[in-house]
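Since the structure comes first, as structure tokens, the remarks are kept for the end.
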Amino acid sequence: MMHHDELQRTLNPTCTGTSVIAMQYKTGVVVMTDRVVSYGKTARYKNVSRQYKVNDNVLVAFGGDHADFQWLQNVIERQALFWKRFDQEIGPKALHGYLTSLLYARRCKMNPLWNTLIVAGIEEEEKNNKETSTPFIGVITQKGCAYQVKHVATGIGAMLLNQAVEDSWRKKGGDITRAEAEAVLKKALELTIYHDCTADNDFEIGSVDSEDGVNLGKEETIIGDWSIAETNCQYE
Amino acid sequence: MACSFTGIAKNGPNPYSEMFAFKAAMKAAEAEPVWRTSRIIERQRWNPYSFEGGSTCAIAGENFAILASDTRLTQNDINILTRDGEKMHILNDSIVLATTGFYGDVLQLKKVLQSRLHKYRFDYRSDMSVDLCAELLSRNLYYRRFFPYYTGAVLAGIDEHGKGAVFSYDPIGCIERIAYSASGNAEPMIIPFLDCQIGHVTLSDEAEKPPLTLERATSLMKDAFRSAAEREITTGDKIHLIIAEAGKPIVQKFLPLRED
Amino acid sequence: MGHKAPRLTSTGTTIVAAAYKGGLVMGADSRATAGNIIADKHCEKVHKLTESIYACGAGTAADLDQVTKMLSGNLRLLELNTGRKARVITALRQAKQHLFNYQGYIGAYLLIGGVDPTGPHLYMCSANGTTMAFPYTAQGSGSYAAITILERDFKPDMTKEEAESLVQRALEAGMHGDNASGNSLNLVVIEPTATVFKGPIIPDFCKRPEPNDLEYKFNKGSTKVLKQKAYKYDIVESMDISH
């Protein structure tokens, strides 16, 4: 028999965000999300940011349930304030670890947070040291499986884009510039809108840079190339 | 359905009994509606586990222990999450934990052991020995007997006598100290190979048996993963090799594997 | 994740095809899997239906072999009966009607393509009988990675070389990013005048980066002899089996 309070758990996400794509460049990280929150296959809420600026070093982007993420924003803010009490700014690695534990603890309660999170940032103490400064991208899945990467696409993007993004990244041998990284991400978004019916062509590119700090991106739009539609003739 | 609606209010002593019965019936119907067939319930049950694939392996020698794993993390068996995942964790100068299975549990297990080892250092001012840590791991695994850490753990290192030690576990803490072990998706391939080359189980008594030197163990380990990557789809990208030798610092190496 | 991961009914494969000016390139990887294990490293997934019609298959290997065998037989009979070259649409109809009859229980996901007097054609045929026409498409578990490359780099009216390179790169993306695809790839380039088969091509990432350290040879006497028995026989006839 199903336990009564199971009805109150997120066993199905309702309003969701789709893929997040992020890439490291020489001195920072760029993170791209589209700006739609879907209810099933409908584009329920448009012009919604799926990125959250924690402080000047850390940015969190999400895919998955939007309500869960809004709750998470609250939790993250509280954690950031907790660090502030000791005159500290929470760094990306610490936040990544904290959120991993949080998501894992919730899955152990069989009451999961329905999110895939990307934590992007730069450690404060490494900021000024150009030699050791390594931008950070950490991924956390809904069940608390966490890992670090140099480039990533989550959600359906993991299947569609991971390889293409990896190939572009490898071609530059890791010496990719910010403009190049952004170009790869924009192309990647164009490729998701062709296949992911919950992806949108309105997007934003947030960034964490060792000099500029965190910048939430401006809203941008792409149209893509739909000329192929003209050849779409199913005559037998 | 336990309650009935007729006659309770008339004959029963409690004037509210009909209302209580109705509430109970509503609650029962809400918790298990008729339309929620067993199939729907099955589909709605959320699986707290996922499997990230890959393999690990360990060999104990006279004065060394050597561990290897691949570095690929996989989603749904086919999709690659990352080619640089870490399946092995150096816990201290003489203990290494290698794990496959659900990566969330792997990380948690690592964290639990690290914190226990840290506390041990604080309390006793020395590093924990591998034998002790092996028992600790076993108990930690059994602690979650009915919601297991879904991990194939292998713990290896140098014991108090300077000898190589490998401990093998099942997900709920059955422990065994053995000469060599493997876990993960390629375990059914690697174990027979090591049985043949280290256990010499197929050799006759008269046949020449090469001694297990560090060089030979390292080579066997590399070859095991090269062969596993040929035939097992979730094993690949890189070999992560960790060599612990008595009286020497732990050495780590990465070697290329096929990426397809 | 905001959505359920798609469950792939087609077993691990990447198959890709793209049309170009006056022709068609089709290709497939060569890995056949049984669960997590690679059952065949060099399996042939590009099936010849007629001289200028080919089918790439994803799904259950036995079903694919039988369906393509049936198609090629029927098409050959048709060509002999009519004295003309079979058309791609005929192959497609045969396939979809057969597969629809079996309600998807024949697990064959096909890309059927070729060149006939009406030009180059490319169709996808699902196990349940759904068919669609495409200028380019991919199927199998590696299709997600492959279609991304196709969508990024496809142009109408490409040259043969461009189309070949595109299909090869799409296949390589599928083989690289998908665990269940890999080993090597085969291409077939179909033009009105000639059909050229290329392969197996082995991309760099499919090669073993390092050879084995040790040699695994067993000396005579390695295996314990438990029992011995001698049979006496006469040689009636002998043959050379050395090669």
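What to note about this one:
Here the chain labels run A, B and C in written order, and each chain numbers its own residues starting at 1.
Just so it is clear, contacts are C-beta pairs under 8 Å (C-beta built on N, C-alpha and C of every residue); 3 or more make two chains touch, one makes a residue touch a chain.
None of these values were measured; they are calculated from a predicted model.
The most distant chain from subunit A, with centres taken as the mean of CA atoms, is C.
More inter-chain C-beta contacts link the pair B-C than the other of A-B and B-C.
For this pair, subunit B with subunit C, the centres built from the Cα atoms lie 36 Å apart.
A separation of 28 Å divides the Cα centre of subunit A from that of subunit B. Those residues of subunit C in touch with two or more other chains are numbered 176-177. Shown for subunit A are the residues in touch with two or more other chains, namely 141, 159, 162-163. Taken residue by residue, subunit B touches two or more other chains at 75, 79-80, whereas all remaining positions touch fewer.
Of all residues in subunit A, only 13, 16-18, 38, 63-65, 114, 116, 141-142, 154-156, 159-164, 166-167, 187, 191, 194-195, 198, 227-228, 231-236 touch subunit C in the complex they form. Listed in rising order, the residues of subunit B touching subunit A in the complex are 27, 30-32, 36, 41, 44, 46, 48-50, 52, 73, 75, 79-82, 84-86, 102-104, 107-108, 111, 147. In the complex of the two chains, the subunit C residues touching subunit A come out as 1-3, 6, 89, 92-93, 131-133, 135, 144-145, 147-149, 151-152, 154, 156, 173-174, 176-177. Listing the residues of subunit C that touch subunit B in their complex gives 5, 8, 12, 31, 33, 36-38, 41, 141, 175-183, 203, 205-210, 212-214, 216, 219, 221-225.
Per the touch definition, subunit B reaches subunit C in the complex via residues 53, 74-80, 185, 197, 202-208, 216, 218-220, 222-223, 226-227, 230-234, 236, 255-260.
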